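Here is the structure we will look at.
Per-chain residue numbering starts at 1, and chain names A, B and C are given in the order in which the chains are listed.
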Amino acid sequence: MATITLDGVGHAYPTRDPGEAKRYALKPINHVWRNGRAYALLGPSGCGKTTLLNIISGLVIPSDGRLLFDDRDVTSVSTEKRNIAQVFQFPVIYDTMTVRENLLFPLRNRGVDKRTAEARVVEIAGLLDLVPVLDRRARGLTADAKQKISLGRGLVRSDVSAVLFDEPLTVIDPALKWELRSKLKAVHEALDMLMIYVTHDQVEAMTFADEVVVMKDGEVLQIGTPTELFERPDHAFVGFFIGSPGMNFLPATVEGASGHVGETAFALGSGYPSLTDKVQLGFRPDYATVSNDGAGIPVTVLRIEDLGRRRLARVALGPHEVTATVPHGAPIALGEARLEVAAHHLHVYVDDRRVEGEAA
Amino acid sequence: MRINGRSLGIAAYLVMLFLPIYWLLNMSFKTNGEIVSSLSFWPHRPTLANYGHIFHDPAWYLGFVHSLSYVLLNTVISVTIALPAAYAFSRFRFLGDKHLFFWLLSNLMAPPAVYAMPFFNFYYSIGLFDTVWAVALAHCLFNVPLAVWILEGFISGVPREIDETAALDGYSFPRFFVKIFLPLIGNGIGVAAFFCFMFSWVEQLLATTLTTVNAKPIAAVMSRVYSAAGMDWGLLAAAGVLTMIPGAIVIWFVRNHIAKGFALGRV
Amino acid sequence: MDKPLNNRAWLFVLPVLVFVLFSSLLPVMTVVNYSVQDTMGQNNFFWNGIAWFQNLLDPSTDIGGRFANALVRNLLFSFVVLALELPLGIAVAICIPRHGWKVGASLVAIALPLLIPWNVVGTIWQIFARADIGLLGAALNGLGIPYNDTQDPTSAWATIVVMDVWHWTGMVALLAYAGLKSIPDAFYQAARIDGAGRWSIFRNIELPKMQKVLVIAVLLRFMESFMIYTEPSVVTGGGPGESTSFLSLDLVKIALGQVDLGNAAAMSLVYNLITLTICYAFFTVMTQLDRRKDV
């Protein structure tokens, strides 16, 4: 059990020419992973999340910064001495062993005495619902059972500082994904461990984690609770990547507490100083409603998508298109309509980064 | 470069591997007088006379031509007829398939020595004795089953859905086989051809038994050196070095597939 | 496996069938024919029943003793080379570099002996091992070890075994390497996290993953060593005495040297049958392993 501190940790591959600027696979970050919390690293492939995970697991030694487990500097300590556990994308099990032997393996390697070890294995197997298959050969089991074994091999150790998950649900049958994910969540609550979960699936990240780290191009864009990421995305990419459909962005000019998109004015929740460069207004479709007879900004409804649970409208605002919600039960027709956006859900982005307004 | 146990291990093995080859190479540049009179790690009076002899004496260089001819013939025949059979074994169940497959494989395991005498009689009676065709056909005994086995492994790695999709897209079977399927198992064909080449090239018992004069393989030519008055070590060494070249070239071409290839598509 | 039943698949197999029948069954029939007949010369053959087989399988007869000796000799040889080549090949495979140009270079070098014609392999070792002009022979004698592969049976055996190891370890190594390469990095990482040592990684990860290719390696090596002919025939010619006279060498001597057709034919058939039986056992093990992997 530990707290992991990233103190300016970053990784760049060596450049040939000393004068050349460093190309970071992971830009330096400062962050503290607190004990007992569940974190998710979320981002598209190639965003650096796996590099970050490998730095924590010790597979990659970072080029910049220090990595601390509690107060111990482990930046260049080898994997086996770091006391971490990891579940990989594909199940890693020892083919020739039974489930019990698989779970005993890490304890035996560490010289834990037999009685303690076996008791611990039974305890963890109980937690993971593996008791009925303890004496079966591991190779014959289903992928989800194998992933539980991989996890179990980490959990049996009493000295584990953190459990790392590297897209653990990739090979799991869709119907079982939900079940295994809730199992992971339950294990996390039962054992009070630091867990770090890498995924490119926002639903997995948002349901598993207390805090989500959104990454892109080797950079951490935002760290926050699922609600924070949804309500106040710090970066246009976060708004776009999280939520379905993603955030609407409109090029705008901002003066005080109003934003102008072409001829149209939007009321903002707070005032802003004069902004230059690329200014955009961003709002979630969930907080924009469109109706044929209400108040608001005149728009043209282009098409309606009925998703069953809710209806979305694709509307044109001048040359731009945005997505908005059609309120429950309200009739809607194509053509002339009005768009309303809640002022405190309208955010202003300069060069893709959210700008905090001053109190109005 | 970090020196560790593994690099040392591989280095030691390669040294052991190349010591005899180096000795052969060393010999091939020496005169017989020098070979017999003293042991030395390099030729003191290097000579190309041994190689010159081989390139000027038709009896020698034709040996290479004969060997390469039957090897290439055999490779083409084996792979061509093995392809449809491998496809059938991989894709369908049919009456007696398992037994047939085993019987084919059993031929792979048959000692050539068993076949030397009957082959001699057989090819003699049909008039193919002492032609490259006799050797090329005789080597089919083990190369055809081998090619079937290798290709079956690779073909089984191609999902059957591809066959079905092609049929839905209106491909006739022969067109599908040539246009779509063969490119998909290109690696397997390469590996099969490599092995056919290899086993036909290295096999000597049948090759020497089935030829006397007109189609004499290089191995038979080399054995002539023994009966000559005294041993012509230098010439023998030079011929030995030259026989390693075709193999080396072939390996160089397949070097990127070599590991997978030796597992016969079965990893 | 739910392959469709289709008896027209026989059409696809037909060319292979014709070829292999032509080059295997017909010659075997000739052998069977010889094995039950005797001749007084001038191509006069008469029925001889199973007399040749009775002789062959009775170790007290001349030919029977010779066959039994060759068989034991050959089994011993196969066992010795397998016992040496398998561990050595696996060790070499583990030592093969994993990255960079050295991978290709090592693989090419390791495969090289496999593509040298077998008589040339014999020639290489004949030259290398000779006490007068060979590096190995001279070096051993120089160290005070009595060694002469043409006169001393122990030396001859050692030479042939070492030659076979030199010749074929590469194949075991390449097969094992292919097996090793198929292991994802995650397995090694997991083993490190689990605190496994090098031996434990080998025992619990590498060896199980190599199992399938190693069975192929054992099969191929056993068969090839059981029918070894060309290399010892060049190096020792089966001698000194009969000490390195393996089954194939003996058979060729009887069939093509002494033209003793009856004995040779009976010996061919029994020899072939032994090979087949062992081959069948391997085949069964292999298909069983395949099935277990599917579970």
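Everything that follows uses one rule, which is that contacts are C-beta pairs under 8 Å (C-beta built on N, C-alpha and C of every residue); 3 or more make two chains touch, one makes a residue touch a chain.
Everything quoted here is computed from the prediction, not taken from an experiment.
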| item | value |
| --- | --- |
| Overall pattern in which the protein chains touch one another (line/ring/star/complete/other) | line |
| Winner on C-beta contact pairs when B-C is weighed against A-C | B-C |
| Intercentroid distance (Cα basis), chain C paired with chain A, Å | 57 |
| Whole-Å gap separating chain B and chain C, where each centre is the average of the chain's CA atoms | 16 |
| Touching residues on chain C, where the partner in the complex is chain A | 184, 186-187, 189-190, 192-197, 200, 204-205, 208-209, 295 |
| List of chain C residues in touch with chain B within their complex | 3-10, 12-13, 15-17, 19-20, 22-24, 26-28, 30-31, 91-92, 94-97, 104, 106-120, 123-125, 127-128, 132-136, 138, 166, 169-171, 174-175, 177-179, 181-182, 212-213, 216, 223, 226-227, 229-230, 247-249, 251-252, 255-256, 261, 264-265, 268, 271-272, 275-276, 279-280, 283 |
| Residue numbers on chain A that touch chain C, as the complex places them | 57, 59, 78-80, 84-86, 88-90, 92, 94-97, 105-106, 109-110, 139-140, 150, 153-154 |
| In the complex, chain B residues that touch chain C | 5-7, 9-10, 13-14, 16-21, 23-24, 27, 35-36, 39, 67, 77, 81-82, 84-85, 87-89, 91-95, 97, 100, 102, 104-122, 137-138, 140-141, 144-145, 148, 198, 201-205, 209, 218-219, 222-223, 233, 236-237, 239-240, 243-244, 246-248, 250-252, 255-256, 258-260, 262-264, 266-267 |
